[in-house]
């Protein structure tokens, strides 16, 4: 690792045509260790790569006579009106990408008018994140539980105090995946993690050590614990199977978040998008579904929603935008997705986000 | 973009063995921006590439004892006798490829004796196109509707006056796809579009801007509008789904044109050839089917016809021939397809185009 | 083409480990035009490549407790006892590969003790081929029919006079495929074709011209013609469909030869091995099946026989052996296949060729 | 081959992140001929490569609310308590990799506390192997039978005397596969094979010659012979089909070992992992199943056990560890697999090895 960690610090418009451009440019700005941590995946990268490739397993059939013009991505979710069904995924340590860290990302996402999910392992305090987004910004809090329930109560209290509208329980990262890029780079976190400082300082730790300092023995009781003590809706993140759906809903979860952690945890598992249909069938519209892992295009957002997702979260591309242009950069990335989604909606003959939900994709028999 | 746009200007025989040769040679003759516009596709190029690859999803079984000799590609369509079931697809702005633009292409296609589809966004007037083809050349007019119906009536009148035998309503390009090559090249049209000058001059515009200046809100009523006011048969172009077939036929369409716009509009959708069978089942022989997107070989023509198409349209290869050899060059390209088709017909045991329609392809189980 | 065509002329042992070695070494010995003609395929080479790849569509399950030792490839076919179920495919113009042409190949194959199929387009006379093989060598004659039946009668008479035990009617080459390597090389035959000199001299001709000088309008009547006038068994070569099987057998064919002409004729059709199972089902053991196109390994021979073939013919690898080592070289190539087949037989738990016929391959669900 | 064969001789910790690192580093330490022999496979390497790729045919679904923490790989097998369900496969001639040969590998494996399978073709005596492992190390003996039963009785007696707990009858190597790397390297064994010296000295022999000096005509009677004369449990190794299972169990086999010999014998057969499910269904839990061929990751171990294996054997990676670090190195390799397996168990929601056996993998429909 670099002695002094020097993240991006630009604020302003960035030039890019697609999210691959972002990744390539960000690799020049983010230090090697941090970029490796953000960009890479687990093991042989099979699941990591399938996360993106799998969108070609289901095809959008163009519809050309559907009386559509200037499609509208506005999304009504809970009590919120969002610019698009695209939200910010919880990503640890935005300070790795940009010196302004979550202060810039929370602002950029608030400017776009969508939900910001703050990570437990943020480089800023929840107070800073709340302030950066402004008082009306819809913010959720992603929770890595401590082994110590007293600490958990404190953190939940902090989240409520800072206006979190929901708790996202990340349940798929109870140990670190075999992220070999981090091992090759000898990567340890160069920055503190103020939100969880009661159980984890972060500095100088490997990801695996950080995860292991949090709670492993997750079970439906943890959902009940959070619901009881926070009185906030709970989204269980990392769900890819029917039985985890049932387990979550039986314990009172208010939403299911389909994710394989961006292909960073268990290599040799399914692409997140391939799992979505199993989960959607099990959920059967009883609660909202959030989807992430592999979204790089507007067509991916479209396909996820047509496959049962209510909201789609983006991670790496947003962080690259943050690294390259601060709050303006991350805002631009959300605009990119919105613009591509509008184009796809027009070509698919869908005027509204609700129309997308009624679309049937064609399974690719020849993949 | 180049300051002064300098397209090809040769007239005469060109040397090529297949259509890849054409593409490589044309890249040397057509300026970068124009070549990028003509050759490239949308997004990650998945659909663009599948357009060609998908022909291997269905296999031609050779038949060897069918008493066939010197197969005949002559095609009787409507009142026309065509040299082969291969026609010219509507392509915008032939001036990008050759200084003689549609004057040369219309002549070359007429010399081959098949249907020429003139694009609304042609670089020449319809009068010039008509004159270049000669009075008996079968010409169709591809229509990008204006938002203004008065203009639409004028354009339809112009098409009739210039002998159009059918109107092709392109319905899949109501916005521009994410054609990233154009964005990287900063491509805007260097040439005027005289046919639609009442609503779009063309010069200095991006493709997206051009599309957006035309009508987005296409619906079955537009088919009725054209039928009513032109009294010409209407082909709906860009159909890939059963319900667009039903919508079109219910509104009085006289033909269905299967196309995904050469993979230039919606990436993440099916190959055009893969959609053909769905469309053909829905059409159920009630009206003719035209097919395009991905035709590079005589075997592709054969497979499309065996899968339900009555006519097959070629685009890029023809434009490359135009760029390299003017009217002679494009004529040669049609001859290339005819010659390969004859070879395939002989080896597949089919004497006539009608015989091809009775062929059953073998689905490739091991693709 | 080279002014003076200088084929290989070595006689003796060659060094090789597999048939790819042979191809690479032969490319150094055979002049460019001749090597291109021999080695290449049609169009985009899809079918050509699938011919070899398709063997992985069916898998051999090892069997380990079957009491097998030193498997025996001896093959009893008709009245012949062959060293292995591997015979020589008809290949035009062995003179392209070796100055001794068919005189060397017929000797090498006879030394191995298997069937030699002499091509109509051989570089030697049938008298020479007979003499080279010796009086007891089992030789078949592959027939490209003339348009003139008087010539056909003469050629059949010549074949009988020279001891042909069967007539192989090649029915899949009534025109030349789009062999683009030949076009690029400007290849024409540099050598005469003495057997068919009554209708085709060969010299200076393209393959397409040669094929077109022979009869195109093949039908079941041609089978009857040959049977009636030669009183020899007729094998129909180039069969890949059920209905060609029925047509052939109804007309009195005595054998079916599955082939796609080494992927040199119709690109976009199935691999020959993929067609074999359809053909075998249609034949239903009524007549013998010969298989070719794509055999490069002993395991391929095994799989073809387990899929219904009685005999397997090899072409290009044998010609490469001829080019590199004359009669000794081609003999070595047959030995290579025999040796690999023995190894596979041992590992698959099969003692005899009849045992192979009772093997069920496992279809590759994950290809 | 090198005149003086100079294997690795280091003893101590090695640096590696995954098993590919091991292979690359070992290639620098093991002489060319020996490395080629160890690392390569048969024929076109199709089966060899599929051995690893095939693990993606079945996918592990993460489970996130299963109350799991610090999973336990301890495996109770027969009367043994093993550190993990990972054992040492029989590999010939460890002396090719390390000067301490089986003395180092038996020690390293014993230090890890799992089963060591000694090869008949070991470079050390069974006495040395026993001594290196220590008196309590669970050791099995892999048997290549002689053609001479008197010798077989002697060898069985030797195995019993040296504490073998089971006899593994390798039945899939009655001839050598077409290992072309060995042929290209001109590889012959540079070292003696003391265990089978009564019928095979080893030195200067090719693998094929070694295999052929052992017994080919294996049948169920050989299982009975070993059972009768050794009174030890017999595992039949190399089973990939249902009927070999039935044949083995009917003859009294006590376990089935699924293997395709690391893709070194029959190319064109299935991946070992793809065969496992057929075998497991046939075994139907009547006897234990050992699995090998292609294990490179903890996730592979998990998938094999979830597919019916009781134990998983590793070969090449262990030998590479031996080459690079002697007994310490091979021990580290076993630790690597254990650590990755623990991570996978946590993420898959499985606390114990028994839990893995109750997991249902999701078949990859889109491979």
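Letters A, B, C and D mark the chains in the order given here, with residues in each chain numbered from 1 onward.
The rule we apply is simple: a contact is a pair of C-beta atoms (placed from the backbone, for glycine too) under 8 Å apart; a residue touches a chain by one contact, two chains touch by 3 or more.
For each chain, UniProt lists the protein as follows: A, B, C, D = L-lactate oxidase.
Values in this document were obtained by computation on a predicted structure and should not be read as measured data.
Peer 1: Tell me, which chains sit next to both chain A and chain D?
Peer 2: Expected: no chain.
Peer 1: Call it same or different for chain B and chain C: same when shared residue numbers make up over half of all numbers used at their interface.
Peer 2: Different-residue interface.
Peer 1: Just give me the whole-number Å value for how far the CA centre of chain B lies from that of chain D.
Peer 2: Whole-Å distance between the two chain centres: 60.
Peer 1: In whole angstrom, how far does the Cα centroid of chain A sit from the Cα centroid of chain B?
Peer 2: Averaging C-alpha atoms per chain gives centres 42 Å apart.
Peer 1: Which chain B residues sit where two or more other chains touch them?
Peer 2: Chain B, residues with two or more chain partners: 364.
Peer 1: Can you list the chain A residues touching chain B in their complex?
Peer 2: 17-18, 55-56, 59-70, 297-300, 302-303, 340, 343-344, 346-348, 362, 364, 366
Peer 1: Which of the residues in chain A end up touching chain D in this complex?
Peer 2: Chain A residues touching chain D: 43-44, 46, 54, 57, 171-172, 174-178, 180, 183-184, 216-220, 222-223, 236, 238-241, 243-244, 247-248, 251, 260, 265-270, 274-275, 364, 367.
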